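The same subunit A turns up in both complexes below, where it pairs with subunit B and then with subunit C.
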Partner chain A sequence: MTDSAQVLAAGSHFPPGIDSFNFRDWFTGLSDTALANVFTTLTFSVWLSVAILIVFFLWAYRKPQIVPTKRQWLAESAYGFIRNSVSIDLLGKQAGVRFAPYLTTMFLFILVMNFWAVVPGVQISPNSHIAFPATMGIIAWLVYNWVGIKKHGFVRYLKITCIPPGSPVFILPLLIPLEFLQNILLRPVTLALRLFANMFAGHLILLVFTLGGFVLLNSENLFIQSVSVLSWALTIAMTFFELIVIVLQAYVFTLLTGMYIQGSLVDEH
Partner chain B sequence: MEGTLNVVGYGIAALGPGLGVALIFAAWITATARQPESAGITRPMLFMGFALVEVLALFGLVLAFALS
Partner chain C sequence: MIQAAEGGSGILFPIWQEIVIGAVAFGLLCFVLAKFVFPRMEKTFEARVDAIEGGIERAERAQEEANQTLEEYRRKLASAQDEAAAIRDEARADAVAAKEEILVSAREEANRIIAAGHANVEASRQQLIRELRGEVGNLAVDLAGKIIGQRLAGEAATEQTVDQFLAQLSDDSASEASGAR
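Moving on, here comes the complex of A and B:
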């Protein structure tokens, strides 16, 4: 189904590189047309993630009850976790409730997208291509800048974000460009790159241990061949480690977006 | 011997973030051991600090591929 599966079968091409992330079109006839790279495992998992989230929440809230059913409880605790422990904690009661839907959607979407990294048969997250985290980073950038400009006005917003309170005047020429770079330009880049690089590295680690097992198995020496079992055991251990990273990165992305919004909403000093 | 020096470079670049992440978790464990009730308050700070330091190691990883 995927290129990496073919690589597995071939047993060659050991040090996995950037090529391991290129996916073949499902319909080979489309490869030279405008629809190239439209039907691949990656796009499929993105659409399926969206579908899972929409269908699950519509289904969970079909008949809301005061004593929640199991599925309603699951949906409510997912929303309540981000709403209470991230949104309201960071932004306060009023703004927290206002931004909770956005942050929860972001969290769950990234969570489901990342989760494809450990689903058998797919085993690659769409987030290991920079395009998807970059889009989410840009959305977060638009949101926190728009919120800040709407609350303070353009000039005052720039003043709040670029001039830390209580800094002496002589250091301002150095401080203002740095703060501008950090708070306006680099935030979406780091946000996207963190998520991307985590999923990229995770996929690479799994590939190294899986393919390394095959390389060891193909060697002539019996003792080296038996080490391949160890390599595959490490693949399994790393898959569990991936599970932690998946949840943590979705949480961190949401938390940082929340903190950026908090920084935009802060009152003037 | 064959291969690329980028890998060695990344190994060196991962030293600093590794120490940084270790310091952050050590500080959090110390704080939580002294005052267990504060765990909930400091946990977001833990993850934020962890994420900010960890990204430095990941920059190195991305650059090791991008510059090869």
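Moving on, here comes the complex of A and C:
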């Protein structure tokens, strides 16, 4: 299905490179049209993620009760976790409840997309293509800037964002460009890159140990062949490690977005 | 490896189709969850808070009610105790009165019996006296006959006869009285 799977089956092409992240179009006739890259394993897993989340939440929250059922509790705790420990914690009760749906959706979307990195048969997350983290970063950028401009007005928002409180006047010429760069321009980039790099590296590490195992197995030396078992054991270990990264990165992305929104909503100092 | 018209790999140069797909997918997810799921969750949270606070309120009300009922029962109990004491006192008074009554009637009965006894004795005595009188009469007649029979024998003899008769009479009456009893 995936190229990496083919590589894996062929037992060649070691070490894995950029090519391992490229996916063939499902319908080769579309490759030269605008619909290229629309039907691939990656986009399929994106749609599947969305479908899973929508179906689960609609199903789990079909008939909400005061005393929740198990699945209702699960759905509520996913929302309640981001709502209470990120959104309300950072933004306060009123704004927290307002932004909780956005932050929770983002968290769940990234989480499930990341999760494909350890699903057998896929084992790559859409987030290891920069496009998807970039999309989330751009949306976050639009949201926190929009919120800030709406609350303070454009000029005052820029002033709040670019001039740290209590900074001496003579340092401002240096500080303002830096703050502007950091707070307005680089935030979406760092958000996207952090997520992308983690998922990319995770996939790469899994590939290295899996393909490395095959390479070792193909060697002439019996001792080196037996080391391939160790390599595959490390693949499994790294998969568990990857699980942690998956959850952590989704959380970090959400937490940082929440903090940016918080920064936009602060009262003028 | 087939790659998009953008040329670069999808790694660092974003494939625009993927950006569109990501945005649409996220937008769809956001729309559905934020419209159909999360508001209902907020409502459920509120309902839950309401239920808990309402529950506390209800519990407080129930507690108050229970206190009132307890107070009422205490009052009722106290009045019942008072009533019981009153009834007991009354019963005691009744008992005393009844005892008194019984005593009085017993005393009356006793008096009546004693009186009847006295009357009986009196009647016996009267009868005795009556019989005695008759006897005394007869004896007097006897005595008179005897006295007349000895008239000639002198004054002294008469006196002796009378004395003798009286002595005999007292002996007789004593023996008769003891016999009648």
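Just so we're on the same page, the second predicted complex is superposed on the first by the 265 of 269 C-alpha atoms of A that agree within 3 Å, B and C clash if a C-alpha of one lies under 4 Å from a C-alpha of the other, contacts with A are read in each partner's own complex, and residues count from 1 in each chain.
Everything below uses one rule, namely that contacts are C-beta pairs under 8 Å (C-beta built on N, C-alpha and C of every residue); 3 or more make two chains touch, one makes a residue touch a chain.
Remember, predicted model here, so these are calculated numbers, not experimental data.
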Problem set entry | First, second, both or neither for A:200, with subunit B first and subunit C second | both
For this session: May I ask you to decide whether A:259 touches subunit B, subunit C, both, or neither, giving the answer as first, second, both or neither?
Result: first
Exercise. For subunit A, which side has the bigger count of touched residues, subunit B or subunit C?
Worked result: C
Exercise. First (subunit B), second (subunit C), both or neither: which does A:248 touch?
Worked result: first
Exercise. Is A:185 touching the first partner subunit B, the second partner subunit C, both, or neither of them?
Worked result: neither
Exercise. Looking at the overlay, does A:35 come into contact with subunit B only (first), subunit C only (second), both, or neither?
Worked result: second
Exercise. Given the touch rule stated above, what does A:236 touch, subunit B (first), subunit C (second), both, or neither?
Worked result: neither
Exercise. Now for A:97: first (subunit B), second (subunit C), both, or neither, which partner does it touch?
Worked result: second
Exercise. Is A:224 touching the first partner subunit B, the second partner subunit C, both, or neither of them?
Worked result: neither
Exercise. Common interface residues of subunit A with subunit B and subunit C?
Worked result: 18, 200
Problem set entry | Of subunit B, residues touching subunit A in the complex | 44, 47-48, 50-51, 54-55, 58-59, 61-62, 65
Problem set entry | Interface residues, subunit A side, partner subunit C - complex | 3, 18-19, 21-25, 28, 31-32, 34-38, 42-43, 46-47, 49-50, 53-54, 57-58, 61, 64-66, 68, 75-76, 79-80, 97, 100-102, 104-106, 108-109, 126, 128-132, 134-136, 139, 200
For this session: Would you tell me which residues of subunit C are touching subunit A in their complex?
Result: 1-5, 9-19, 21-23, 25-26, 28-30, 32-34, 36-45, 47-48, 51
For this session: In the complex, go through subunit A and note every residue touching subunit B.
Result: 17-18, 85-86, 89-90, 190, 193-194, 196-198, 200-201, 248, 251-252, 255-256, 259
